[in-house]
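Residue numbering begins at 1 within each chain, and the chains themselves are lettered A, B, C and D in the order written.
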Amino acid sequence: MSAPQPTTLSDRIQQIPRHYVYLLLAGVVVWQLLFPIRLPITPSVPTRGVYDAVAAVPDDKLIIITTDWDASTQAETGPQTQAVIHACFQNHKKFVIMNLQPPMGVKLAQDLAQEAAAEYGAVYGVDYANWGYKYGYENVLMAMAKNIPNAIGDDFYGKPVGELPLMQGVEDIHAIGLVVIVTGLSAMTEMWVGLIQGPYNTPLAAAYTAVMAPIYYPYLDSDQLKGMLVGAKGAAELEAMVDRPGKAVAIMNVQSWAHVLIIALILLGNLGYLFARGRGGERQP
Amino acid sequence: MWFSRLLQRLFPPAPTPAALYLYLALAVVGSIVIIVALHRLLGPRGRRWLIAFVTFIAGLFFGLEYFYPVHGDPAKNFLTDWIEPVSVMLTVVGAFTVGLGIYSLLQVHGRNLAQRRPGWHNSLAFFLATFAMLVFGMWEHYLHLPQPPPEVVPWPKGIYEILFNGLFAPLQAATFSLLAFYIASAAYRAFRVRTGEAALMMAAAFIVMIGQVPVGAWLTSFIPADSPAAFFRLEMLGEWVLRWLNTPAQRGIIFGIAVGALAMSLRIWLSLERGTFFSEQS
Amino acid sequence: MGSLEHANWFMRILFLSLCAIIVAGVLLAQRGREMFIRRIPGLTAIEEAVGRATEMGRPIFFSPGLDSINIVTLQALAILSYIVRLAAAQATRIIVGLRSPIVYPVAEESVREAYDAVGRPENFRPDDIRFISDEQFAYALGAVGIISREEVATNFLFGAFYAEALILTENGRALGALQVAGCPEPTQIPFFIATCDYVVIGDEYYAASAYLTREPTLTGSLVGQDICKAIVIAIIALGVGLATVFAPEKNFLLTWLGGGG
Amino acid sequence: MNPDLYILWAAAIATLGVYTILYRENPISRLFEHIFVGLSAGYLIVATWTLNLEGKWWNPMIHDKKWYWIFAPIVGALFYFIYSRRLGWLARLIMGLFFGTAAGTFFRQFFPIYSPQIYACFKPLDYQAGMGLQGVIFELVLHNWIFVIILLTVMSYFFFSIPHEGRFGRNLGRSAVLGRWFLMIAFGAMFGNTVMARISLFIGRMQFLLKDWLGSLLPWLAGRGI
């Protein structure tokens, strides 16, 4: 539906062609990536909740990090996973990586874990492990609650998980001290809450893409989630808490200026609208 | 677990490979006989009844396990042990539907190609991509490479990596990132103070957007963090909007959905649903 | 206490009552009891949207969302079959783009039946029921491709949508399609509001088939649902009252609902 | 072979190819659309086999000789009768099984999902000793009171079978209008919150294009600390 040709200035700023909006956005992002103007970062309450939940896990229990993400949300979920892994290592907690969907997540997370493990001198199978991708969504969780070695079967490298040193004594869900869901997919949290957290009181924390986070504030409020990382913001805050400023911090910086651009555009559009209305020249939408 | 014992008793594993194939053949023949018999013996009414019965039993099984009284530790009832194996079976059965979707794709693109319709070269690209991913994906799987893989990988694995990490994953990420542009242009267009509702939406979006980024925190950093007025710091205001205005509204929606979905589930479970697919005719 | 692995007595009674109320609504309506349903704006637009495609002589695109067979998708298919009947009666083509292989046969069956029902089985084109891809963003690109190549006049999105929704609707809007969208989950509603002409919000989605078809079974169910929602409100009101008067550990309703562990 | 260089270039070209759609749908974006759909179709088959069927079905059936697993593909095959007019009812039979499962699974999840959401709404609305005026405003009114009010008005919007006329109906109607306003605020908040996520994704892609890809050609870019 082509709009009538803009003639006056107020019409023009009301109808900036979408291609110009795209170009402006791309321009601001490239500019800030190349010549950043940096601002300080302070951790929010939900982010601190994640860190505290990791720190509060008893030493004899495992942390599960479910990496239900892939390349499409990697910009947010990658740094989130990395920061959570750092938090685990720094607090000397044992953790396992697993994922339910999409299969790629577990591989990407394994790379991150290996990189961090090298830094802390941690050993695969002793300090951390990777349960691999498990097909079957809720079926996996229902099975896992009752018998972990059976439900998980083989680890990322095709070895029965029961043979890993850190899995000794791990039988069912009661051996798990915390589940951190890192995901860009809806429905994962409902599944974990419905099948694991609700029934067995296993603590849960989560890291979401910023888009999903508002849906899960209710869970934070009802204490079904101990903490939450909200998109790149949460990742940047946790990166700051574990003292590993990385990709997320850089992203947040660019983010600031992109938001300023969008807000400016909205204001501009409204100014044009108000001017036009002031003149009584409003067209029927 | 008595369930697996029962299964072992009813369906003992075949003793030898030869016996396995015999059993498999017999099971296939037996199933076909049963299906043909069902088809021949049941009239339209019988079929409808059977479909309703199967639907009812499937729903009853999963529902009853939750609601039936439990005892012991861990608490379970007579159905609890069945949940896991039945779920696995359903997953496996569902996996066999993949062919339906693939068949549809092959049909559409095959016809484009065969009849040289406009854009047939795109359909050719589709076939090449499907075929390449299928071949090298399987090949890579059956290479059984040690983990972590060696520095110099065999070429089929190399091709697979190019397909997956060089094309599939970037295409996914790039498509997703298109949303940055679309959201910017949608915001610019949609947020006009034309109506009260649009103005409310805009105001909330504004506060949250600016409150989330460091620049927002910087703008109102002159308000002391421990004073009562700290509520008006943009990052606090943004979080308040999300937690105390957004949360209850979402919950209001969610409770409505819960009841709506319950009603829909009930109608399907009891075969009360009406509408084309569920109509009386067969 | 504090466990939700299995139901307790309160839950059993509550659940059974909710079910009984809905079923009672259905049965009463089937016996011919008149039921009122208020106007739902997004849904009244469906006829207009189909009519527009007919006038322009261009096809309609329908997406039943991304989920596999579940309650949301089944509802989407119910809406689909209503729209197909409208479109088939006006001899307007409708293209369905699918993401789940399991939904594919069900959708095909629904559409075929809808064509039969209006007596136009010859107009049914199996090619128009298309599995696009099970990959979320491949699905989005594929659907945008169909929308633009087929010069779709009207775009219906009903079902479970996620991030890809805005890719579909923003491109549909740029191409000038009239768009009607509905999704029970709130996540994508803001973007639908920004880019679509009519939007069905939350529970309206489940009210849709009742409103559209006026089928007694469905309207009866809708009345039952309203009573159930009133019960939920009553429980919340009671809970708030108790929370105001008592400390959390004395709030028996909290415990009955499996909380306070 | 070392595929890294090919991966880098393929990824860059694919990314730029997709971005051409921002101008408008065009032959290049169309080509990449088809490649994308093709790759995911191939991957769907590979993943279904390697991640699901091989371990859950083939190995138990052939290696553990649990021959009864043969029933799974037979039951699954019933779906394919959808293409037959005469045998179509068999497909409906198996769909019925899945419909029933969908319903039953929802029954199971009803309380685990919604119960905590309900009891989390139980907010005390009274004055607690020692709150002070500040506490009353910021903890009671702006948190708990507004929470309960928004929840109830929003829920009132979703009543469909009560006409907005008569004394009760008109009040319900007013409450529903208020509820709709609150809904709009919530949707605005969600919109604003999503902007960040979407822009993050684009920033991630630009980091790749500028640093990994162009940076491999221009050392100056690689040194920018992107």
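In the analysis below, a contact is a pair of C-beta atoms (placed from the backbone, for glycine too) under 8 Å apart; a residue touches a chain by one contact, two chains touch by 3 or more.
Values in this document were obtained by computation on a predicted structure and should not be read as measured data.
Across A-C and B-D, the chain pair carrying more C-beta contacts is B-D.
Relative to chain C, the chain whose mean Cα position lies farthest away is A. Chain D has the C-alpha centroid lying closest to the overall centroid of all protein C-alpha atoms shown. Centre-to-centre separation between chain A and chain C, using Cα means, comes to 28 Å. Centre-to-centre separation of chain B and chain D, using mean CA positions: 9 Å.
The geometric centre of chain C is 15 Å away from that of chain D, both derived from CA atoms.
Each of the following residues of chain D touches two or more other chains: 18, 21-22, 30, 32-33, 36-37, 39-41, 43-44, 47, 52, 56, 79-80, 82, 92, 98-99, 102-103, 105-108, 110-113, 115-121, 148, 151-152, 155, 158, 183, 186-191, 193-196, 198-199, 201-202, 204-205. Along chain A, residues 18, 22, 25-26, 72-75, 135-136, 138, 194, 198-199, 210-211, 213-215, 218, 221, 230, 233, 255, 258-259, 262 each make contact with two or more other chains. Residue numbers of chain C whose C-beta contacts span two or more other chains: 3-7, 11, 15, 71, 74, 102, 105-106, 109, 132-138, 141, 149, 163, 174, 185-187, 190-191, 193-194, 201-203, 207, 222, 225, 229, 232, 258. Touching chain C in their complex are the following residues of chain D: 18, 21, 24-25, 29-30, 32-33, 36-37, 39-41, 43-44, 79-80, 82, 88, 91-92, 95, 98-99, 102-103, 105-107, 110-112, 115-116, 118-126, 148, 151-152, 155, 158-164, 183, 186-188, 190-191, 194. For chain A in complex with chain C, the touching residues are 1-2, 18, 72, 184-186, 194, 198-201, 211-212, 214-215. In the complex of the two chains, the chain C residues touching chain D come out as 4, 7, 11, 15, 35-38, 40, 69-71, 74, 102, 105-106, 108-109, 132-135, 137-138, 141-142, 144-145, 148-149, 171, 174, 186-187, 189-191, 193-194, 201-204, 207, 210-211, 219, 222-223, 225-226, 229-230, 232-233, 235-236, 239-240, 242-245, 251, 253-254, 257-260.
Here chain A touches chain B in the complex through residues 14, 16, 18, 21-22, 25-26, 39-42, 44-45, 70-75, 104, 114, 135-136, 138-139, 142-143, 146, 151, 156-158, 172, 210, 213-215, 217-218, 220-221, 230, 233, 252-253, 255-263, 265-266, 269-270, 273-274, 285, going by the rule given at the top. Residues 2-6, 136-137, 162-163, 174, 176, 185-187, 258, 261 of chain C are the ones touching chain A in the complex.
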